[in-house]
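Both complexes below contain chain A, partnered by chain B and then by chain C.
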Partner chain A sequence: MSGALVIGGGLAGSAAALVLAEAGVPVRRLAAGPGATALTGGSIDVAAASPGVPHLPWRDPRSGEALPSRARLRILLSGASRHPYTTTFGAAGGEALAAAFERATERLAGWLRAEGIDLHGSLDRNLLLPSAQGTLRISDLALTGVASSDLGGCRKVTIVDVPGVEGWDARGCARTLASEIAALGLGPLPVEVVRARDDRFASGAGSPARIAARLDGAEGEGLLKAALEGLGGADELVLLPQVLGLVRTRALLASVSQGRPVGEALSFPPFALAGYRLTRALDRACAAAGVELLRGRAGRVLAAEGRLRVEPEQPGAFEALEPEGLVLATGRFVGGGLEAGPRGVHEPLLGLPVSDPDGRRVDGIPAHRSVRKGYANPQPLYAAGVSVDGALRPQPTAPAGVWAAGEWIGGFDPARERTGLGVALLTGIAAGERAARHVLGSNDSGQAPRGPA
Partner chain B sequence: MSRVLPCDVLVIGGGINGTGIARDLALRGVSVALVERRELGSGTSWASSGMIHGGLRYLQQDPEVTHHSCLDSGAIQRIAPHLVFRIPFLMPVFSDDRIGPEIVEVGLEMYDAYQPLKNGRPHTRLTSAQARELEPMLSDRIECAFTLDEWGVDAGRLCIANALDAMAHGARVFTHTEAVEPLRSPGGRIEGARVRDTVTGETWQVEAALTMNAAGPWVPQVSEMMGELVRQRPGKGIHLVFERRVSNLAIYARGVDGRDMFTFPHEQNSMAGTTDDDYYGDLDRIEATEDEVAYVLEAMERSIPDIRRHRVTHTLQGVRPTLYGFGAYEDELSRDYEVIDHGAGGQAPGLFTITGGKLAAFRLMAEDAADRLCAELGNDAPCRTAELPLPGGEEPVDVAALARKAAISLPAALRLAFRHGARAGQVVGASDPVQSPARTICACEPVLDSELRHVARVEGVRKLSDCMLRVRLGLGACQGAGCTASAAGVLAEELGWDAERTIREVAEFAAQRWRAVAPVLDGAQVAAMEVHRSVHFGMIGMGGAVP
Partner chain C sequence: MRGYRGFLREFARTGSLRALVLQVRTGIAHVARQWTGRNEVGNPLARFFESYGPDGIRPASAAERRLRLASEACLVCGLCSAACAEAGGRPLLDPRDAVIAAARLSLDLRRAGLEGLAASSCAACAACDPVCPQGIPIHLVQESLAARPGSEPPQGAPDSGAPAARDARGPGIG
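Then we have the complex of A and B:
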């Protein structure tokens, strides 16, 4: 096979595949499943912050002014020496990193727009997004559905009580949200709970996904419109669980909003649909750009005589692939980029070393030996991954023509630092660009792959 | 002036002994106060195998223990049929076992004599092929296998059922309340204790004619506080809990040291264990260790060669309050129990202690202890705990009708009926203030919001972590990733928690699950906990609140 192969079906892998395709490289994307991106809740955090979480500052300690992501990126670069942001942009500095994100964001917005999802926000303004639990997440980018529940500029929040929906407790959400608003000094911003007058749009469904499927249809849309009749007003948010359609979110939102903000709360699996929508849109964008989408799990990557060879885990599941350039965006444990088992923790495709942020190896060791007591402590296991150089080449021994992207890269803890999708976007695009230069360069010269550009 | 509660008997400890004694006394008209420093049954009772078995292995050394256990197992089946389930056992015999099938069968024939006491069937002998047909995962190296009948119980709910019945008969039960110092008369008599509510911090007094120390492995600590010495030979035991049922039958396995262990179905899961090792560590921070886990898995592997392919989600660990004995290995120690009167020979009249014993014989032990206390009080009412049903055990439940009537799924109705028996209808009726339909909070178990409301309103749940034992919240593969926040929201509404308290409860619950998961973290559970962390740190935003 000529051209490039991307392994990984999340944001990092899809971004790399789209960049390659747009550069004119024949590209295939191999995915074993939907990946961790599909479990995300509706925001794409470049540099998330959280009130009360010391390692995620959101206010300037001296002036008390809220910090936008642009400033938070500078703080992040100054502290975390093995975070992929630092590895790739540490030398260039915060402004270069922010500029790279702005370019990346524009490209992602372009890919998603065509598939019915808009990307809202910027690095210069914080989005204040309520979760289904009523906690506030300070973010920079959010997807259609969640984005319109930004509390900035909002004068009142009406939380819609939809009875019997799993993961949705409107009164609980209201209690916590009111308390968070008070703690942050955002008031006066009243929060009230209103029982949906007509709950036929949701009745008997149970899970948000079932309601969303119902609302994708015209009848469901009509029922939701009726249920929201008379709620909210200009600058008065109507907050719902993540039920605004599996595939028609933008159209549905436009239809039911009627001059007032209607938004979804950030959610987590199994109640989050935003990640499903994002994954679906990325898959469709890939297909539209000419990326050949393959389903299957790679078993190992071999390199001999300057040629790469990707073999399936189950012999015969797919024909071995021999790409000129390879982007690995296989994720961590959820994605399968790292595995834990009888051989200890290991990286299955290349057998690369896996290191925690302090540079200690965690591969070859049982998983439980790389965790600490105390749930909230930094956990080496969950901040570990492969190491890369500034050009995203896996270290120290990966063959030429291989680049890394997303959470497969170690040095940061996506859960505690909340930069998982930010890293996926930045490194996915960067890895795709480098792989494209490599493949196009090697085609130009008509020679076997050289070292990466 | 702090609060004072006068009563006849103060029971210290809310495990199976404490709740069993409280119930027995309350049924005899004695006024009882029970203090439990954590959640009812959260110590040794919860960490047990949850089996009311006769103890085949005690037959040689302690036939009395076997007899008592079998007899009382039968009684528990009568008074709490909803909490009990049959566990048929399969005992494989290997050609390299020290004891061959003929001798094993002699032991089982002896044990058969006790089976009628607990409604068990006599043993059968199976060929290797027959056994492997029943459980295809059994090792092909087995020579033959035997079956025998035992019974499992939800030990946590058994404690709660005892406490609920005690409360229904006038007892006062205080969870998250610890005894901090004795109240003494000028003559040196123990007359109750100062107690401290660990949730509110309030300190108050229970004035009691008699005090019963039923603190399980904490018995020596409580005795010491009262100025008395009670020795135990504390024996730590761990279980591995699998994500789902590994086998339909319980399967015997032998440790490298020759000890018997088993993999057995328990509620929605399978468990494997247990170990028995002298324990000198901190009773409030018992953790499974790597070598204990490896020891259990190695033993299981002999009977079930591919056992390591099954996902272990977490461990249970506890300490047995075994009677003191010198010069014997852990396994050879007596499982008998003792009721001590500290007035006779001791320096603390008014104080009694119960120590040792087995879960299966709890009712008999409680009866004995209550007899002693009642004799002291001059109360000659008879014990009625073997005849009167425990709450929920009054009558069988029509699960299908319950599901239809309450518009809930059949699995949800089954689990409700299991935990609450005849009261399941009342539980599912504990609807929210605006009459919403039932909402599933935890899909693994499953748990409905109405059940959480019920345990908060009627059963006196005070903390989110109590729900792990009350309704088995957070014990599935996701370890609460999907349900902890939702459950906290329901409890917050019922118990009037503010947002800060709610998030703190979530954080404590998550941290507690982590302690049980971390020692066995491996395989697919590593990914499950990756999601768990994303949910708790990313979405719930509990960053500052985690203990």
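Then we have the complex of A and C:
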């Protein structure tokens, strides 16, 4: 097989595959499933403020001023030496990293736009996104639906009480949100709970997914319009659970907004639809760009005489692939890029060492021994992954023509730092560009595509 | 046995000869029962049905055990519900709930009075399968829950005992 292979079906793998396809490289994407990307609550946190993480502060520790993500990226580069941002951009500095993110964000927005999803936000302004539990996330990028529930510039929040929707407790959400607003000192911002005037749009459906499927239809759209009649006003947010369609979210929002902000709360599995929408859009974008989508789980990557060979985990599941360039975006424990078996944690495809942000090896050790007491404490296991060099080549011994992307790269804890999708986007695109240069360079006169270093 | 090991200390503390005799007798009887296997009275399967049958709970077949092992890998992410809803499916039991149920018990739905579920309206379109991050064959789980008592388990159940049955199943999302 000529061309490139990307293993991984999440944001990192899809971004790498799309970059390769757009560079004119024949590319296949092999995925066993959508990976942890599908578990997103609706934001893509590049450098979201994260409580308890010193290098991702909400306010400047000296002046007390709220910081945008651009400033947080600078702080992160000086404070987290093994974070993938630092590994790839540490030498170039915070501005170069921010500029790379601006280019990456534009590309992602372009891919998603065609599939009905917009990417909102920037590194210069914080989005204040309420979750279904009422907590506030200080983020930077968010997807259609959740993005319009940004509290910045809002004068009032109206939380719509819809009885019988799984995972949605309007009163509980309002109580927590009011105390979060007070704790962050966001000024007078009243939070109100209003019962939907007409709950036929949700009645009898139960799960957010069923309601969303109903709202995708014309009849559902009419019912939702009726339910929100008279609620909110200019600069008064109408907050809903994540039910605004599985495929028509943008059109539905435009239709029901009518001059006031209507938004969805950040939600968490199993009540979130944002992850489903995102992975669906990425898959469709890949297919539209000519990426050949393969389904299956790789078992082993072999390299002999300068040639790569990818074999399936279950013999016969697919024919062994022999790509010229290989991007590994296999994720961690959800995606299967790391496995925790009876023999301990290990990396299944290349047998690479797995280490935590302090450089300590966690592979070969039972997973429970790398977990520390206390939910809020740093967890070496959840921050562990493979090591890469500045060019995203797995270390210390990976065959030539292999690049790493996404959460498979260690050095950060996606659960605490929330930079999982940011890392996936940045490294996915960078790995795709490097693989494209490699494949095109080995094919003909080294006609390398332009792109960031 | 751990509690029994302290019987001498217990005697030194309380001085109760009667308690000592009872403890020694219990200890001997317990060990003897374990050796002879006499702690089970009658046919274990019959006793199982006697105790749990009226509630619709039955022993799992080998295929169901494999499905249960696969189901235990569920992250409860809810993607299967979304895929099912988009495909226009209207099963009485949401695929997410079916997997959660399958990971816990083997229910004879008719005996449990859930005939509606037994005649499940799952169309077995398998739209849920490709979106599962854990590779659980969800439509087979639905089929197995809907299967009639005593009928053959669904064909094509995963035959590896691995926690997540990770096999490719046609094209689709992811």
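In this text, the second predicted complex is superposed on the first by the 437 of 453 C-alpha atoms of A that agree within 3 Å, B and C clash if a C-alpha of one lies under 4 Å from a C-alpha of the other, contacts with A are read in each partner's own complex, and residues count from 1 in each chain.
Assume a contact is a pair of C-beta atoms (placed from the backbone, for glycine too) under 8 Å apart; a residue touches a chain by one contact, two chains touch by 3 or more.
Being a predicted model, the structure only gives us computed values, none of them experimental.
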Clash or fit, chain B versus chain C on superposed chain A: clash
Partner chain in contact with A:56 - chain B first, chain C second, else both or neither: first
Contacts of A:212 with chain B and chain C, given as first, second, both or neither: second
Which of chain B and chain C A:131 touches, first, second, both or neither: first
Contacts of A:33 with chain B and chain C, given as first, second, both or neither: second
Touching partner for A:313 - first (chain B), second (chain C), both, neither: second
In the superposition, chain B vs chain C on chain A residues touched: B
Which superposed partner A:334 touches (first chain B, second chain C, both, neither): both
First, second, both or neither for A:283, with chain B first and chain C second: second
Partner chain(s) touched by A:270 [first = chain B, second = chain C, both, neither]: both
Among 41-49, 77-85, 329-337 or 365-373 on chain B, the segment whose C-alpha atoms clash with chain C after superposition: 329-337
Residues on chain A lying within both footprints (that of chain B and that of chain C): 36, 39, 206, 269-271, 334
Chain A contact footprint on chain C (complex, rising order): 75-79, 81-86, 88, 94, 96, 130-135, 160, 166-174
Sites on chain B touched by chain A in the complex: 290, 308, 434, 436-441, 443, 481-482, 485-486, 488-490, 492-493, 498-500, 502-503, 507, 510-511, 513-515, 518-523, 526-527, 529-531, 533-541, 543-547
In the complex, chain A residues that touch chain C: 9, 31-36, 38-39, 206-207, 209-210, 212-213, 216, 246-247, 269-273, 275-276, 279-280, 283, 293, 295-297, 312-314, 317-318, 334-336
Chain A - residues contacting chain B, complex: 36, 39, 41, 50-56, 131-137, 161, 163-167, 169, 171-173, 175-176, 178-180, 195, 206, 266-271, 332-334, 340-342, 345, 366-369, 371, 373-376, 379, 381-382, 414-416, 418, 420
